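Note that the chains take the letters A, B, C and D in the order they are written out, and that residue 1 is the start of every chain.
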Amino acid sequence: MAFWDYANPTRFLKLVQVVLPWLTGLCVVAFAAGLYMSFFVAPEDYQQGQTVRIMYIHVPAAWLSMMCYSIMAVSSLGTLVWKHPLADVSAKTAAPIGAAFTFMALVTGSLWGKPMWGTYWVWDARLTSVLVLLIMYLGLMTLWRTMDDPIKAGKAAAVLTLAGALNLPVIKFSVDWWNTLHQPASVMRLDGPTIHPDILWPLLVMAVAFTLLFFVLHLMAMRNEILRRRVRTLRLRAASAAHPRSAVATAQPAE
Amino acid sequence: MDLGPHAGFILASYGLCLLTVLVLIAWIRIDKAGQEKALRELAEQGVSRRRPEDGGR
Amino acid sequence: MSTWAIVLFQRDLRLSVRVGGSALVGVLFFLAVVTVIPFGVGPDLNLLSRIGPAILWIGALLATLLGLDRLFQADRDDGTIDLMLMAGRPLELVVLIKCLAHWVATGLPLVVAAPLLGVFLNLEPAAMAAVTLTLLVGTPALTLIGAIGAALTVTLRRGGLLLAVLVVPLAIPVLIFGVSSADAAIHDPVPFLTPFLILCALSLIAAVIGPIASAAALRFAAD
Amino acid sequence: MFEDLSFSLEGGSALVVTGANGIGKSSLLRTLAGLVPLAQGSIRLEGGAPDTPPQEHIHYFGHQDAVKPALSALENLQFWRNFCAAAHGSGFSGDPMEPLKAFDILGIEHTAQLPAAFLSAGQKRRLSLCRLLVTPRPVWLMDEPTAALDRVSESQLLDLMNAHLAAGGLIVTATHSDLALEKTLNLHLQTGDAADLPLEDAPQ
C-alpha cells in the first residue's frame, strides 16, 4: 500500500518537497479564479445585496473547519489504532490550521450578520456550535503545548480528539434543542436546490481553493513538525553524549 | 465596482481572512527557519543523525 | 531598574510562554466561561448586554485565580525559592516583579480578549471600552491579592482550590468597584470616575500589601 | 532540634558534618543558611560585608537543583549569575567565573544551548554547581554534594572545593562518602548526648 511507504518521515519530506510547489501553484490559481468569480461573475442577491459576497469565504471556511476536525479525528485513529508514525504529526499540525479556519468562519459570519441581523453575534445554534468547535481546537493546541514528550502528548490529544468527534454531533444536537426552546431560529439558509449556478460555481471554486490552501499549510506545518522532532532527538543525543568533540572526530569518516 | 452600503463589512471580512492566512503562513515560515537553524547548529556541534559507532541506522 | 529585576522578569515571562507554561490557558478558560454563561441564562441578547460587564469581570476573576497556583509553587518545588531567599535581593520586590511578569503573561491577555468576548455578549462599544479599561486597572490587583493566597498555599500539594477559596473574599472589593465603574460608564447619570478612581486606589494598595504579605508567607514556608 | 551545638570555622577550611540518616544534617545546613530560624543562639560571620546578613554570603547547594527544564542550561545559569548578589569578605579572594568556563570545567559545555529538560540528573546537578562558581560568595553550604555524580565529576567537584578553600573560602558539607578535602574538621552528629565541637579559631 503506497500510503504506508510514506510512513518514513524522510521519504515523506521528499514527497513534500516535490508536491508542495505544484500544490501552492494550484492553490494560487484557484484563489485567483475564485476571487474573480465571486466579485465579478456572481450577481448580487436580491435580498442581501452585495453582502452576499462574504458567503464566498464564509461558507468554505466553515466547511474547512469541519473537514479539518475530521482529518484530525482520522489521524487520531491512526495514532491509537494503526500506530502510524506520521498520524500524530498530522493531528497536531492540523489543529492550529483548523482553529484559524474556524476563526475565519466566525469573523466573516459576524461581519455578515451585522448588516443583515443588526448584531455581530447571536447565540444561535449553528454559531454556538462553531464557537464550541473553536474552543475544542484551542484546547487541543494547549494540550499539545503543555506536554513535553510528543509521543505522550500525541496519545492524550488523540483520545481527546476522538472523544470530541463523538461528542460534537451530540453538542450540535443539544445546542439546537437548547436554542429552539428559547429563541426562534434566525439563521439564513442556503436552500440547496434554489441556488443559482452563478452563485454555486464561485462557491465551489472558492471551496476548492480553501481546501488546497489547507493542504499546502498542513504539509508545510507537518514538515516543520518532523524537523522539530528531529531537533528534539538530536538534542537528547547531544545531551547524553559525554564527549561531543571526540564524537565529531569519529563521525567524520562515516559521513 | 460598487459594493453597496455595506462595502466596509465585505472588505473587512476579506481583509481579516487574508490577515489570518498571512499570519498562519508567517508563523509556519518562522517556525521552519527556527527548526532549520537548530538543525544547523547541531550539525556544527557534530551531532549527526547517524550514530558514530554503527555509521548509520 | 537594576539588572537582577529585569533578569527575573524576563525569566518568569519566558517560563510562562515556553512549553509547559500556561500563559494562554487563562484566556481560553475566560473564553469558556463566557461561552457557558448564555447556556445558563439563555441567549437573550438584551439580558446578556445588561449583565455583560459582570460576566466579563467574574470570568476574569476566575481565570486569574486558577492561574495563580503556579506562581510560587513551581519555584518552591525545585528549590528556587530557597535560593531567592538567600540571593540578597529584597523578597518583597522579588514577589512584586514575579507578580508583574505573571500579570503580563496571564492578566494582560485577558484584558486584550475582553473586547472580543464583549462582542459575544452584545456590549455597546462604550461599554466594551469601559470594561476593558476597568479590567486593565483591576486585574493587577487580582494578581497581587491572589499572590498572598499563592504564597500561603505554596507548601500544599494541591493548593489551587484552597487558594481560590482564600482569595475570593479578598477580591470582592475589586469586583464591586470594577463592575460598578463599568456599569457607570453604560448608564450615563452615574459618574464613572468615582468608582474607577477607587479601583485604581485598590490596585495601588494591593501593590503594597500583596508583596509584603506574600513575602512574609514565603519566609514562613521556607522552614 | 539541636542542643549545645557550637562550632567556629576559619577561612580556608572545611567542616564535614557526618551522622546517621535523619539526625539533622540537612536541618543544620538549612539553619546555617538562614532558611530555618534559630530558636536560640546566633550565627556570626566575621569579616563579611557590613550591613549584610550572613546568609547573603552563603551559597546553598541543597538536594534540589533549582533548574528550570524549559530554559536552556545557559539561560538557567545566566539567571542565577545576574540574580544572585556577589559577596566578598576579607581574606576571601574568589573571582567570578564566566558561565561557559564553568560549564567547561564541569564537562557540560556541550549542553549549554540545550533545554535543561534534556539533561540527565547528574548533568542538572553539575549545572546547579556552576551557580557557585559564577557568583563568588565566601561560604559554601553543600548538602550531599556528590549525590548523582559519577566518579569523574566527583573528583572535579573536589578540585573545585579545594580551590575554593585555597581562595580563603569556607565550606560546610554534609556527606556520607569520604571527601579528600584539605584542612578538614569533622562534626559528628549523635542523638542524646551533645555533639559538641568547640574550635577556638574564629573566621577571618
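The criterion applied here is as follows: a residue touches a chain if its C-beta (ideal position, glycine included) is under 8 Å from a C-beta of that chain, and two chains touch if they have at least 3 such contacts.
Everything quoted here is computed from the prediction, not taken from an experiment.
Farthest from subunit D, judged by the mean position of CA atoms in each chain, is A. No other pair of chains shares as many C-beta contacts as A-B. Once the centre of each chain is set as its mean CA position, subunit A and subunit D turn out to be 53 Å apart. The geometric centre of subunit B is 46 Å away from that of subunit D, both derived from CA atoms.
As a whole-number value, the distance joining the C-alpha centres of subunit A and subunit B reads 15 Å. Here the spacing of subunit C and subunit D, counted between their Cα centres, is 38 Å. The multi-chain contact residues of subunit C, meaning those touching 2 or more other chains, are 19-20. For subunit D, the set of residues touching two or more other chains reads 69, 110.
Multi-chain contact residues of subunit B (touching two or more other chains) are listed as 45.
Partner subunit C is touched in their complex by these residues of subunit A: 110, 119-124, 128, 131-132, 135, 138-139, 142, 145-148, 178-179, 182-183. Taken together, the subunit D residues at the contact with subunit A in this complex read 69, 107, 110-111, 114-115, 117-120, 123. Listing the residues of subunit C that touch subunit A in their complex gives 19-20, 22, 24-25, 28, 31-32, 35, 38-39, 42-45, 48, 119-120, 122. The touching residues of subunit A, when paired with subunit B in their complex, are 39-40, 44, 49-51, 53-54, 57-58, 61, 96-97, 100, 103-104, 107-108, 111-112, 114-115, 213, 217, 220-221, 223-224, 227-228, 230-231, 233-235, 237-238, 241, 244-245, 247-248, 250-251, 254-255.
Here subunit C touches subunit D in the complex through residues 3-4, 7-8, 11, 14-15, 18-21, 77-80, 82-89, 222-223, going by the rule given at the top.
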